[in-house]
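You will see two complexes here that share chain A, one where it goes with chain B and one where it goes with chain C.
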Partner chain A sequence: MRRTQFFGYNVTTPMPSRSLDEITAEILDLAARQFRVPRAELSAGDDFFKKLGIDSLQALDLLTRLEQHFHIELPDYELQGVSDFRTLAERIQARVE
Partner chain B sequence: MKNFQGETLSWDLTDGVLEVTLHRPPCNEIGLHTLGDLERLAEAISALPDEIAAVVFSSAIEAGFSAGADLGQLYREMQGLDKPARLAGVREFLERIHRALNAIDAAGVVTIAAVHGICFGGGFELALVCDLIVADRTARFSFPELRLGLVPGFGGVPRLKRDVGNATVRDLLFTGRSINATKALEAGLVSQVVGEGQALRVARQTAQQARKFDRETVRAAKRFVKPVPYAELRQEIELFCELFARPAVEESLRKFVEGAGVLPYLP
Partner chain C sequence: MPWLAPLQIPTMLDLRQYESLGAALGDALDRFAGEVCLIEADRDRENHRLTYRQFREQALPVAAALERRGFGAGNRAAILMSNQSKWLVSAYAALYRGGVVVPLDYKLTAPEQAELLRHSRAEALFIEYPIWRALHQGSGFAGVEPGAIFVTEAPPGADLGGARRWEDSPAGVEAHFVARRRQDWAGIVYSSGTGGRPKGCILTHENYLEQCRSLTDWYPFRPGVRYLSILPTNHAIDFMVGFIGPFVCGATVVHLRTLRPEYIRDAFPRYRITYASVVPLLLKNVERSLRARFAELPPARRRMLDFLIGLNRALTQGRPRPRLSRLLLPQIHRSFGGHLLALIVGGAFTEPATLQFFYDLGIPVANGYGLTEASTAITVNDLRPFRADTVGKPLPGVEIRIADPEPGGIGEVMARGKTVMAGYLDDPELTAETIVDGWLRTGDLGWLDPQGHLHLVGRKKNMIVTEGGKNVYPEDIERAFEDLPAKEFCVFAANYLWPRHELGGETLVIIVRPEPGAANLDGLRKEIADRNRRLADFKRVSGVLAWEPEFPRTASLKIKRPELARQIAQRAGRDAVIAL
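Let's turn to the complex of A and B:
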């Protein structure tokens, strides 16, 4: 939801829904910044553990930042079987308002 | 003892605030050495009732507050022992850690945990001993014990029940998932969520605020609002020992320690 002002009143309006491509791009941007990997080297189908060189501890850190960025709660068991950015984006899209 | 430099933690008393720093790599895993240092800490707190107004716990380890029990040490200690000896060893450890944590829980001082990063299992149980938890945005809390066929054994369930609703307790236990600081705040587990790297600073400020009040009043108020659930804590020890006796637990520990689970921090 987006918060704006309307004649002095605080109102919330629905955010325009993001496409899967948009969400994937945001994940790649965030991951590149957090783990200092050149953004151009990341693509949707990459295995994020291998590409980012991260372990499960760092994956949890990424999860925390994704939750904050998208204003969602994503139980970490939802990451079971998820290793590429695009599938991660699908999980996130399902929880974004 | 106003100052102490231990193998796993250190403390320093300044202006009525005892700052305890956990510093055992890789992530403050709680084994025999930490247990010994916690026992010394409990003694120090009880020996200085008029000099300590508040205690602040924090971690010097980048990865987080604590990853929990030292499962590697536990597994290694089990090897070569027959089943009765293993059970006796685990029971003794639990009795000792409960004594130390119960003493800190009941201490007549305000205790604050400054949490960043992972706060899992036994580490979460240490944080729950404290009166207040200040978490930074990177903090994550979890009870992953069911993955090993166990329940939290350091007093976590009775203390978590003391602080949050039973639905949250069930969510954490039955899924083994970790929750972020925002979720922990919403659940009433955490009193403040602060910016990354700011938990210790804010905890110190909170301790300075808490130490302004009359000590006897604080002690009386703490006894009133935060009773130590001794009976349930005793039940937890019994339940843990009962579960630990099962063969599946050793196998789960072996898999965890030998890295058969590639992603040990994910449920």
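Let's turn to the complex of A and C:
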């Protein structure tokens, strides 16, 4: 569900449901743009720390960007032990639905 | 004129009169009753605030629940949750009952957490729901009975398998304080904690009380001081600077449930933060973004800024002058909330240039050096004057000496004093190797200058410390390569093989004896890279060195690491390492 403000009232509208592949693709697009890595070099099973050349703090930045994009809240503990795009997509999908 | 009598601000406790942490904290809860002790926030929302009085009201039912379970003197209570009010409340409840606190790292994997739980033989566990769920589905709770497991923030209707809800601890049931003495154990704090040989540092009430006394001597807190707790409270620094220290001074601790850079940034002005502890990684990130902001300024404004920074630096050579710095550089200080007195950095090496950068802006970074084995800190910069090039002077009550110094004065740093731990849990052998005649062998190399400041130059131990402050022991990493198709292999810290007298940029190297007749190294390199990828990023080896001779081994077939390291250093240099 997507929450927006409409004349001061909180309104929820259903988001179109996405498959895991679609969500993964959106994550890869966003990550490529945010960290200026060629999109073609990224794939679902990649380790995002290594592929994007980022540290744990920058990974949290990515998380915030993904929250804004998918209109969800992802508690920090969802990133615990996650280092590949596919698993991240699974965590996001669970919250989107 | 009596109505102009000065405002009575309660002073911090005199810790010399207390036998235990529980006793000191109990008095603090009384003395500062009306002051705010904890603020808990999540993103841009504030969850709650607690006064010292309310803190006690929350803790006593938990202590009563522990008492009903028979938890008392010397019993061990593990805590496994991210930074939040309930962490400190749980710790106090355990200490109130005379227990021993076992702070565990919430960022470890479930199997690693289970391993430490087993090793510590904890009899009670305070744990937050997401972590409980992961442990429950995996390795389990290693003998902690469900009725002694307190789960926080479990969703309504969740089946906790017999574990209790932390929030359900009954009010109105009396809890009895259990007195302890200074030599009794107060905490078991795990050092590396990544499996292999867990190093549980036993810290006594005396260790903590003396450490707190010496730190607050140089960095006093008081009511109104607000400390932002970012580092995990299971870590030695935050347990002291984000719990014990503020509490005995009546200060406030601010917890953020979501640790994103933007929320951390916003917390400084929102909560008018006075002090915060950070790891070097975070500090460098902030430096990077500030430098980027400065670079974007129009030339004239940039020149003005540089002039003001230079002026501030000149005027604060002798000591920090926060009010002056805020006048000279108002915008920068406003972005840090306008109340920041200092950042505290520890856990790993920080570059002098970074420390100087912040000091010049009027944001002193109190650089220190310590080991969990010595409670929290052995040396700290007292900022009188600021020195970017050292890790400071020994804290009051701590003696330091350099063992077997080379002609240049460099040798292993040894420390002695009331803050040195009682020993490693269930490991008399390692304890005897580490504490010799009362002197703690730090395993770090350094020298003392004529002003009494300590300079660190390297590590004697075969280990690395990442920029995030994590200890990584090569022996633990080797387990990831167990099935490597090679005759023999061994992981070393690169600096242990080829010492260079500088810290930072530490890496791990894997030494491999290929199978005889192995066609090329490329295949083996791919095998190593594959296994490397399965490790957390900070645990990975960065290069491989091919080695021919057989590894020297003991009678029980353990690799003689110092011997092997010597052989390698004699025959090959860093340039022989192939990057992965």
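What we mean here is this: the second predicted complex is superposed on the first by the 83 of 97 C-alpha atoms of A that agree within 3 Å, B and C clash if a C-alpha of one lies under 4 Å from a C-alpha of the other, contacts with A are read in each partner's own complex, and residues count from 1 in each chain.
Operating definition for what follows: contacts are C-beta pairs under 8 Å (C-beta built on N, C-alpha and C of every residue); 3 or more make two chains touch, one makes a residue touch a chain.
Source: prediction; values computed, not measured.
Colleague: Between chain B (first) and chain C (second), which, if any, makes contact with A:Leu79: first, second, both or neither?
Modeller: first
Colleague: Could you tell me if A:Gln68 is touching chain B, chain C, both of them or neither one (first, second, both, neither)?
Modeller: Touch status of A:Gln68: first partner only.
Colleague: Would you check which partner chain A:Glu22 touches, where first means chain B only, second means chain C only, and both and neither mean what they say?
Modeller: Touch status of A:Glu22: no partner.
Colleague: Using the superposition on chain A described above, determine whether A:Ser56 touches chain B (first), chain C (second), both, or neither.
Modeller: Touch partners of A:Ser56: chain B and chain C.
Colleague: State whether A:Asp47 touches chain B only (first), chain C only (second), both chains, or neither.
Modeller: Only chain C is touched by A:Asp47; chain B is not.
Colleague: On chain A, what residues does chain B touch that chain C touches as well?
Modeller: Touching chain B in the first complex and chain C in the second, residues 55-57, 60-61, 64, 73, 75-77, 80 of chain A appear in both lists.
Colleague: Per the contact definition, I'd like the list of chain A residues that touch chain C in the complex.
Modeller: Answer in residue numbers: 47, 49-50, 55-57, 60-61, 63-64, 73, 75-77, 80-81, 83.
Colleague: Which residues of chain C touch chain A once you look at their complex with the stated criterion?
Modeller: The contact residues of chain C facing chain A are 43, 82, 107, 109, 130-131, 134, 257-262, 281-282, 285, 467-468, 533, 536-537.
Colleague: State the interface residues of chain A toward chain B in the complex, per the touch definition above.
Modeller: Touching chain B from chain A are residues 55-57, 59-61, 64, 67-68, 73, 75-77, 79-80.
Colleague: Which of the residues in chain B come into contact with chain A in the complex?
Modeller: 63, 117-118, 137-138, 140, 175-180, 182-183, 262-267
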